[in-house]
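Dropping the structures in below, format is structure tokens.
In what follows, subunit A forms one complex with subunit B and a second complex with subunit C.
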Partner chain A sequence: MALLETEGLTKDFGGLRAVHDLALRVEEGEIVGLIGPNGSGKTTVFNLITGLYRATEGRIRFDHGRRELVGLAPHVVTGLGIARTFQNQRLFSHMTVLENVLVGMHCRTRAGIATILLSTPGSRRERRRAEARAAELLGLFGDRLLPRAARPAWTLSYANRRRLEIVRALATEPRLLLLDEPAAGMNPTETRELMRDIERVRDRGVTILLIEHDMGVVRVICERVVALDHGTKIAEGRFEEVRQNPAVLEAYLGRRAGRA
Partner chain B sequence: MATAGWQRRMAWVLGAVAVVGPLAAPNDYWIGVMARICLYATLALGLNIVVGFAGLLDLGYVAFFGIGSYLYAFLASTHFGLHLPFLLAVPIVVVLTAFSGILIGAPTLRLRGDYLAIVTLGFGEITYLLLINLDRPVNITGGPSGIIGIDPPAVAGFALSRNTQYYYLFLAALALTLLASGRLRRSRIGWAWQAIREDELAARAMGINTTVAKLQAFAIGASFAGIGGSFLASWQRSVFPENFLFTESINILAMVILGGMGNLLGVVMGATLLVSLPEVFRDLQRYRLLVFGLMLMVLMVFRPEGLLTLQGRHDEEAEPGA
Partner chain C sequence: MAGVLAILPQQIVFGLALGTVYGLVALGYTMVYGVLFMINFAHGEIFMIGAYVGWWVLALLLKAQVGALHPAWVVPLMLLHAMLFAGLLGVGLERFAYRPLYLRGATRLGPLISAIGASIFLQNAVMLSQGARMKVYMTSLLFPRTWRIQIAGASVSLLVIVMIVVAGLMMWGLHLLVQRTKLGRSIRAVAEDREMATIMGVNVRRVIAVTFFLGSALGGAGGVLVGLYYTQIDFFMGYSAGLKAFTAAVLGGIGNIRGAMLGGLILGLVESLAVTFMNPAYKDVVAFVILIVVLVFRPMGLLGENVAEREKV
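The block that comes next holds the complex of A and B.
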């Protein structure tokens, strides 16, 4: 089985069926793109996988079929090794850049109230290690974030905030990283840099599922693409194949599809 | 960060002033005021854990202060005839008050913002009503006339009696709660609290068990009130329901907000101002509360983030697009 596999995944909001009978498969080490017009259910799929929403029907299996995710609380899902970024940045604005990353390490550290209050050598060691690791992760983006580690997150530029969201997610030590429109609002230079960074993250052994509207990004870095429309999978395969698919053209351009 | 540097230096200076303070006090009354400052600063630090760190607006914090005071009164007074030694009674009270924090916190876990505020306000009122009414059918709290004949703090046969002695005891408690707050703030639990304050949903997605983290905040916050409550009871030698009115919750909350939510030194300064200013204006007689209220309004208009702000809340400009 694949690292992540959904089966008959369905989510209803009252009368609205946001995701319908979705079979999604992500293999270990892949970069998979999830595309589709606005409102096609992409972010809902992320919210279902990460436990923020509970599936109306269907299964979500992680870790090669070993774990069922439906019904698990979000922090448990994160603990199992799935992290995400948000489409509309949700950084901890008044915490420093470094602290944002340290929050991500919460589920990989153990110190309890008593050991913290007593400041035991063990808890101090754990904190120093976490801080060093957080700095190391910030270094992933060269000198974009590391020199600003002590600043509040809200002082970062837009692109740097997107980068920090990725670092914060990586701090949870995920096996699967869900990126929700990582290139949104970035200029072409920043986008190129981002694509390299995403591939570097994958080369560290993190599988990536990403939602993206920038087809340039999807074409270059995604090995496989899944297209959604009205919560239903309408195409799947290599980007070039999916792009030619009549159902995809219709979803994006309307019935009287013109040029691709 | 530069701000943190001067705040640390200022904390040391204030600490030194606090230690020699009683020598400069004009009379015993003012030493009593200083003791009250330490007591309220301890309480404000406890509320700061809940409101300042975790961002949970608790309007009924005085309930924990009351629970702590009455628990101490139960354990060390003629009321039930129990006379546990101070050093045994206080830890028991602190643990039980922390537990009451979990009990009261648990039903509010799903609530946020104004809804949480209203429910905690209700808990504060319920606690007050219990204190005032639990003298029948069995006399537990002494009803409106409270509990008197509470033991003073005594260690190894030496009982505290003078205000100066109480002052140093309360100062020690304040130092301890400051240290605890500082350690918690720079820990995985403190970071989890702040993450919940900033964005609860993102905090959950980042792997934080928000149920556990919030209960920890309620428990620690309440335990500080347990310390404060024990000290109030043993200092006054009596406790009355009127010590724990809703206005006290607001008073303590004002200390936290005035000082700058989440900022430890700021919270202590907030407590110092709110306890001492009414005393300074005592000569103005019945106008003193008016002057006091006006000063608060002026301060909040000109420094809405509080006297001392959260780290760099306003001292950094957005970087020119990187």
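The block that comes next holds the complex of A and C.
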């Protein structure tokens, strides 16, 4: 079985069927793109996987079929090794850059309340380790974030905030990283840099499922693409194949190509 | 006027003592509001029950005739029991009176009404189990009237110093906990964005429960200090004290921990100075006039944030 596999995944909001009978498969080490027009249910799929929404029907299997995710609380899903970013920025803007990363590491550090209150040598050592690891993660983006580690997150530039969201997600030590429109609002230079960074993250052993509207990004970095429309999978395969698919052309790319 | 000036230092010290205790109790309101956006109107009753627990510890010690009671160990013992009991009571309230409501997506008013109900329930439970008559704190056994210190021309009883030190240390401890520890970071993360916190792996329900424990424990400690200071407690004392502490929390900016401390100090000082310069009957009037004036110019409180503006960014 694949790292992540959904089966008959369905989500209803009242009378609206946001996701319908979706079979999605992500293999270990892949970068998979989830595309589709606005309102096609992409973010809903992310919310279902991460436990923010509960599936109306269907299964979500993680870790090669070993774990069933439906019904688990979001923090438990995170603990199993799935992290995500949001399409709108959701940093803890009043914490420092470093603290944002440390929050992500909470589910991997041990110190309980008692040891924190007593400040045992063990908890202090763990804290130093955590801070060193956070610094290392911030270093993934070169000198973009590391020199700003002590600043409040709200002082960062837009692109740096998006980078920090990725670092913070990585701090939970995910096996699968869900990125919701990582390139949104970035200029072409920043986007190119982001694509390299996403590939570097994958090379660290993190599988990536991403939602993206920028087809330039999807074409270059995604090995496989899944296209949704009205919550249903309409095509799947390599980007070039999916692009040629008539259903996709009609639902999404066609409209875009027509305008361009 | 010369007479008034002579007692001014004394009144300022009283104000500080009262203010730090108001701040201590206000922290419970502001912390719970920070993570749950609800006003725990039963917090005043938790404070009151803390005072009763302290009274019982003292009464049992007297009954057991353990010998000379020295405040150096009796007061910590009273505080410890009161804080533990009050903290667990807060956790119980959250678990049974609030969580079932917010988990089912009730509006913010649901838990609020539940809190008012819990407040009435606790008042009556204490009245039935402890009697409606007031109980007398044997403060004079712990702090003889002769234990006084001269500070800047003021003659201050040791008890007042103890109140300021205890409340101050607790606030300092909470500040360190919230700013420096993993637990504190979790609390801040939940306060800022609950959904994002859970996605980052924070167990939000546990953080909320721990926040209730901490806030309630501080409220319970406040109850013991107020009991020692006023020497009389009854089942209804949580109402007015809770209202004052809530006022302090709003004055400082509800949801802001430093704001609650500041609001408490200001309120305590204003009250004790009002008593100095005018008819003591007006002290509540002065306190609430200051609250209204501050809210007119800073609706978010002194250190609070303008949430509407933050969401615009």
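Following the convention adopted for this analysis, the second predicted complex is superposed on the first by the 252 of 260 C-alpha atoms of A that agree within 3 Å, B and C clash if a C-alpha of one lies under 4 Å from a C-alpha of the other, contacts with A are read in each partner's own complex, and residues count from 1 in each chain.
Everything below uses one rule, namely that a residue touches a chain if its C-beta (ideal position, glycine included) is under 8 Å from a C-beta of that chain, and two chains touch if they have at least 3 such contacts.
Fair warning: this is a prediction, and the values are worked out from it, not measured in the lab.
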item: Fit or clash between subunit C and subunit B when superposed on subunit A; value: clash
item: Partner chain in contact with A:Gly231 - subunit B first, subunit C second, else both or neither; value: neither
item: Contacts of A:Gly58 with subunit B and subunit C, given as first, second, both or neither; value: neither
item: Per-residue touch tally on subunit A - higher for subunit B or for subunit C; value: B
item: First (subunit B), second (subunit C), both or neither touched by A:Gly33; value: neither
item: First (subunit B), second (subunit C), both or neither touched by A:Gly81; value: neither
item: Partner chain in contact with A:Arg148 - subunit B first, subunit C second, else both or neither; value: first
item: Interface residues of subunit A shared between complexes with subunit B and subunit C; value: 50, 52, 73-75, 78-79, 83-84, 86, 90, 92-95, 99, 102-104, 106-109, 111, 113, 116-117, 127, 154, 168, 172
item: Interface residues, subunit A side, partner subunit B - complex; value: 50, 52, 73-75, 78-79, 83-84, 86, 90-96, 99, 102-109, 111-113, 116-117, 119, 123, 126-127, 130, 144, 148, 150-152, 154-160, 168-169, 172
item: Touching residues on subunit A, where the partner in the complex is subunit C; value: 50, 52, 73-75, 78-79, 83-84, 86, 90, 92-95, 99, 102-104, 106-109, 111, 113, 116-117, 127, 154, 168, 171-172
item: For the subunit C and subunit A complex, residues of the former touching the latter; value: 177, 181-183, 185-186, 188-189, 192-193, 195-204, 210, 313
item: Footprint of subunit A on subunit B - complex, ascending; value: 1, 180, 183-184, 186-189, 191-192, 194-195, 198-199, 201-210, 216, 220, 310-313, 316-322
